[in-house]
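Next come two complexes built around subunit A: one with subunit B, the other with subunit C.
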Partner chain A sequence: MKARNVGIIMLIPALAIMLLFIVYPTALAIYYSFTDYNVVKGSINFIGASNFVKLLSDYKLINSITRTLMFMALAVSLSMVTGIVMAVLIYECMLGRKIFATLFILPLAIPYVIIGLAFKFMLSYDIGVINYFLEVIGIGRVPFFGKPDLALLATALVDSWPGSAFVFLVTLAGFESIPRRIVEAALIDGASSFRLYMHVLFPMIKRFLVIALLFRLLDSFKAFDHIYMMTAGGPGEATQYISIYITKTSFDYFNLGYACALAIVILLALSLLAQALIKMLGLQKLRTTGWR
Partner chain B sequence: MPGEVFVDHVRKTFRNVIAVDDVSLKISEGEFFVLLGPSGCGKTTTLRIIAGLEKADSGRVYIDGKDVTDLPPKDRDVAMVFQDYALYPHMKVRDNVAFPLKIRRMPKQEINKRVKEVAELLGIDDVLDRYPYELSGGQQQRVALARALVRQPKIFLMDEPLSNLDAKIRIYLRSELKALQRKLNVTTIYVTHDQAEALSLGNRIAVMNKGKVMQIGTPDEIFNSPSNTFVANFIGSPPTNILEALVTQSSDGVILDFGEFKVKAEKIIGKSYVNVAIEQYSDKILVGIRPEYFKFSLEPTPNSFTKGKVVVIEPLGSETILTVNIGSMFIKIKTFIDVKELGIKEGREIWLEVDPRKVFVFNSKGDRIYY
Partner chain C sequence: MGWNIIQVKRIMRSAVVYILIAVFAAWAIFPIYWIASMSFTPRSEIFSEHPEFLHSFTIENYINLFTSARPVTAALLNSTLIASLTTLIVIVIASLSGYALARFEIKYKNNFYFFVFATRIIPPAVFVVPYYIMYTNLKLYDTVPGMILAYTFINLPFAMWLMRQFFEEIPRSYEEAALIDGCSYFGTFIRVAIPLSLPVITAVGIFTFMMTWNEFLFALILTRYKALTYTAVLPGFFGERRIEWDLITPLSTIAIIPPIVFAILARKYLVRGLTAGLVR
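Right after this comes the complex of A and B.
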């Protein structure tokens, strides 16, 4: 058998899976997005681009996008800052390094549903342990899921927990990839800790930070499990982020055609965002520069 | 007096390994001082303690009389060049060289002027706008040197700066480095495992082994007057032949018994040695003879002390290394004589003699016996 043929045969399983679980559903979604497919009625009629026209004047969608962006800004910046701070602490600290690193990474191993469930109870107004302590120290109970902005803040905080673990992991990997000699050279050249980080360490791990940021942006954009667990979009539509809105449209209002149109637009937006980030942050250039 | 270094009884252990064992060095202003030794001998650790990158367990380090033992590297006014150059990969050559000045918040104009000067001095002014990965190893090392020079520090520390370069560039840069150091007259402490580098560069050399300083001296002293068998063995290529001998008296005078042969002491070691050997080391001594100090002939002469069989002939261009077998003993001889012309082939027996003035005598512990 020719080597070329072997290669093709080896590709078949992966290709089959991709066709079945990615290409086929996407194609189906594109098809549905041009219909008024309603799951309950079971009717399916081709209606052209009217789903996409409707989308332009959907105030719920605009609200959802605004809230999503606010949520993203909060969740991403929070997780980037805490993740980087934790990485610096671990990089600087020699004692107990392994233990703390493991603890910091732990939230990544917990399914988002569990995280959502746990925080739903911990942040609960009546029975939440966090509200219990807030009351004990005199601040009083806070209705985290009762007020729109508090709910947004609470979801962002919870999302940034596993998020910062991820940022921590990638940032620390970046630091560890820097040869010790370079740090020593900078120390001898006269760099203080602050300047060492500003002029040498952070610039050298730029692409690690870029990758962390990229993943965090995409992750928070499509955040669903834990948010749905905690607020299911509420109160009102305060935390009805884009993924929750799409889910509700298809499974609460059974308007699958319209939901598919939403999903397609989001997919396009996400791909554009990723492309723009990769370009903006010069990942291609870094690839050719050859330094490790 | 800028640039005087005093290392005072420094000790350093890593877990259970003693890296630096009670090392004391006094390096004077403008001196090119070399730390030489096999890998793991503690020379790099010593350098790093002087730099402040490593903290000594005990002992002090003084620079210009000031105790710097507890100061961080940046407050010691030392510059360092590393074996793998340690250039900042994300900065252009210009910014690499300017980095130590930028960090000191020197005015831009002054920085540009200094960078230009030092770049011209080292011949890297045409690559200032490139990144380190675009340069050859030799160029990268010049950039590393420039980065060290630009600050005009009190002391240069160099950790095997030429080891990663190929042989030709290494020898070329070596002489350049020497000329540069003489010109700038900055105290330089240079770590290497390469004896040729040490002998050619150093004003003085400290030979180290297992964390201890074995000998400090000029290249001439280190080569021609090693104070123990380690230094005798480590310096020179091939290494010094170290032969064990029992000192015995007979009616003929003092006899050295090498096991495979016995010989009158005067033929091998100087007369004054003979007396000392008898008085103090009546038992066993070690005789060190450099390969280049043997003479040999095809027939016995009045001075020849034994014969041996040539087992290997290694021609190295201008010189030849002979391995001579005497019973169970093997001796290396280095000669500039054309052995082919003499008719010496592998298997041929030759007679050996030495100039007793050129022979080192050590006690059974390996320390030089002086008279």
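Right after this comes the complex of A and C.
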């Protein structure tokens, strides 16, 4: 059989699944976005593009995006700094490297739901261990989820718990990819630790750091499970980041058509972003030759 | 006599490093430790304002969890079943398609990069409404096969990426030798490529299992009674007046054991999976 045909046949299962889960739902979403589908009343009318027009002036959406950006800035910077520090520590560590490294990446194994639950419990005003500790040392209890600013801080902190583990992993991988002899050459030439890191190690792992930053940004943008468990968007709308906002809109049963319109717009925007990122990172040069 | 300044500096530096490592290790471990520890704490102490670090040990929470009216055992079994089958299916399909993309000349392969990247960028919440409608239409709602299908879709892009990456790096000479000896294209796939790719397959398997086991949103949206996974059961513990931490903690402790075990045993596979050949 011609090689190309074998290849195509091998691709059929994957293609089938992709088609089912991309084409069908997108078609559905496009269809419903032009209606005012109301699950409760069961009515469905064609209302043209009015959902999309509504989107443009939706101040709740804009607020949600702003909040998401603030959250992202906080969560990403926290996790980048912490993760890099952790990587440096492990790189400097002589004894027990493997054990500590394994401990450091453990947060990545925990489901985000449970992360949210754990921190909700620990940061709880009355029964949380963190607040108990704060009370004991004299600072007094803090309503982490009661005030909007504190909630933003708390959610960013929680997001950086697995986030820093990720940054740590990538940065350490970066450090370890540098050939030992380069490090030794620098040390022999009399480089101080500071110099070693600033002028040799960090410049050499720029690509790793970019990857870490990029994925941290993407993951904090998508944040849902832990936020949902901890605050469900509250107090008020203080932590209603974009994923939570979409979910809330989607299940506001008066608005399924609107939710679909929202989904379509976000999909388009993110697809453009994906295109831009691919060009920027130079990823699109795939080898296209092969067996025919 | 005594130590000179260089040695003192070195010792101090090591001390600082180790102290800081201890601090960060505590930060990394504490939430896990706390949840596990609370799961063995009597209910009254869980809800008190003064948590004791040396509390009495009891397994009453676990007993209460499994004798409560909630479908805990069913949910855990579902999670195991769904995660395992999804992993199997993803491995098979990802190897097939990864190999096809790496070896054969097929048009539109570049769209593939875009697609994988897009799935990493787009929040799953965006798909919630269309998937709910689609699943209801196709009668896949609240079914185990339905969940397996959904999770296969979620994990496939990344798995395909990893497999393709790996197959690109195997020299074609092995397969060409087999081809010259009369093996079919598919035959070389089975007999040459697969055996060589067992480490990557392991990485893909571990990663897929963990992703599926930990997934929340789709479990919440697309299940109701029969196909519940443990993640979908968790919000059910948020009661009207209080949150049943005494039941949440044992369930959480049980649920985090598989991913933690995987993470410990397969640390280097995690690294490979997460950095995914994006860095060379």
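Throughout what follows, the second predicted complex is superposed on the first by the 260 of 292 C-alpha atoms of A that agree within 3 Å, B and C clash if a C-alpha of one lies under 4 Å from a C-alpha of the other, contacts with A are read in each partner's own complex, and residues count from 1 in each chain.
Just so it is clear, a residue touches a chain if its C-beta (ideal position, glycine included) is under 8 Å from a C-beta of that chain, and two chains touch if they have at least 3 such contacts.
Computed from a predicted model, the values in this text were never measured in an experiment.
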Q: Figure out whether A:Pro107 sits in contact with subunit B (first) or subunit C (second), or with both, or with neither.
A: second
Q.
Which partner chains sit in contact with A:Asp225 here, subunit B, subunit C, both or neither? Use first/second/both/neither.
A. second
Q. Regarding the shared-chain residue A:Pro203, is it in contact with subunit B (first), subunit C (second), both, or neither?
A. first
Q.
On the A-aligned overlay, A:Ile182 touches which partner chain: subunit B = first, subunit C = second, or both, or neither?
A. first
(Q) For A:Ala49, using the defined touch cut-off, is the partner it touches subunit B, subunit C, both, or neither? Pick first, second, both or neither. (A) neither
Q: May I ask you to decide whether A:Ile139 touches subunit B, subunit C, both, or neither, giving the answer as first, second, both or neither?
A: neither
**Q.** Larger contact residue set on subunit A - subunit B or subunit C
**A.** C
Q: Look at A:Ala191 in the shared chain and tell me whether it touches subunit B only, subunit C only, both, or neither; answer first, second, both or neither.
A: first
(Q) Based on the A-chain superposition described above, do subunit B and subunit C contact any of the same residues on subunit A, and if so which? (A) 289-292
Q: Would you mind writing out the residues of subunit A in touch with subunit B in their complex?
A: 179, 181-182, 184-192, 195, 199-200, 203-204, 206, 289-292
Q: Going by the contact rule at the top, pick out the subunit A residues touching subunit C in the complex.
A: 1, 3-4, 6-8, 10-11, 13-15, 17-18, 20-21, 24-26, 28-29, 32, 82, 85-86, 89-90, 92-94, 100-115, 117-122, 126-127, 129, 132, 161, 165-166, 169-170, 173-174, 177, 207-208, 211, 215, 218, 221-222, 224-225, 228-229, 242-244, 246-247, 250, 256, 259-260, 263, 266-267, 270-271, 273-275, 277-278, 283-284, 286-292
Q. Subunit A touches which residues of subunit C in the complex?
A. 13-14, 17-18, 20-21, 24-25, 27-29, 31-32, 34-35, 38, 46-51, 92-94, 96-97, 99-106, 109-110, 112-115, 117-118, 120-131, 133-134, 149-150, 152-153, 156, 160, 168, 184-186, 189, 210, 213-217, 231, 234-235, 243, 245, 248-249, 252, 255-256, 259-260, 262-264, 267, 270-271, 274-275, 278-279
Q.
So in the complex, the part of subunit B that touches subunit A is made up of which residues?
A. 51-53, 72-74, 78-80, 82, 84, 86-91, 99-100, 102-104, 131-133, 147, 151, 157
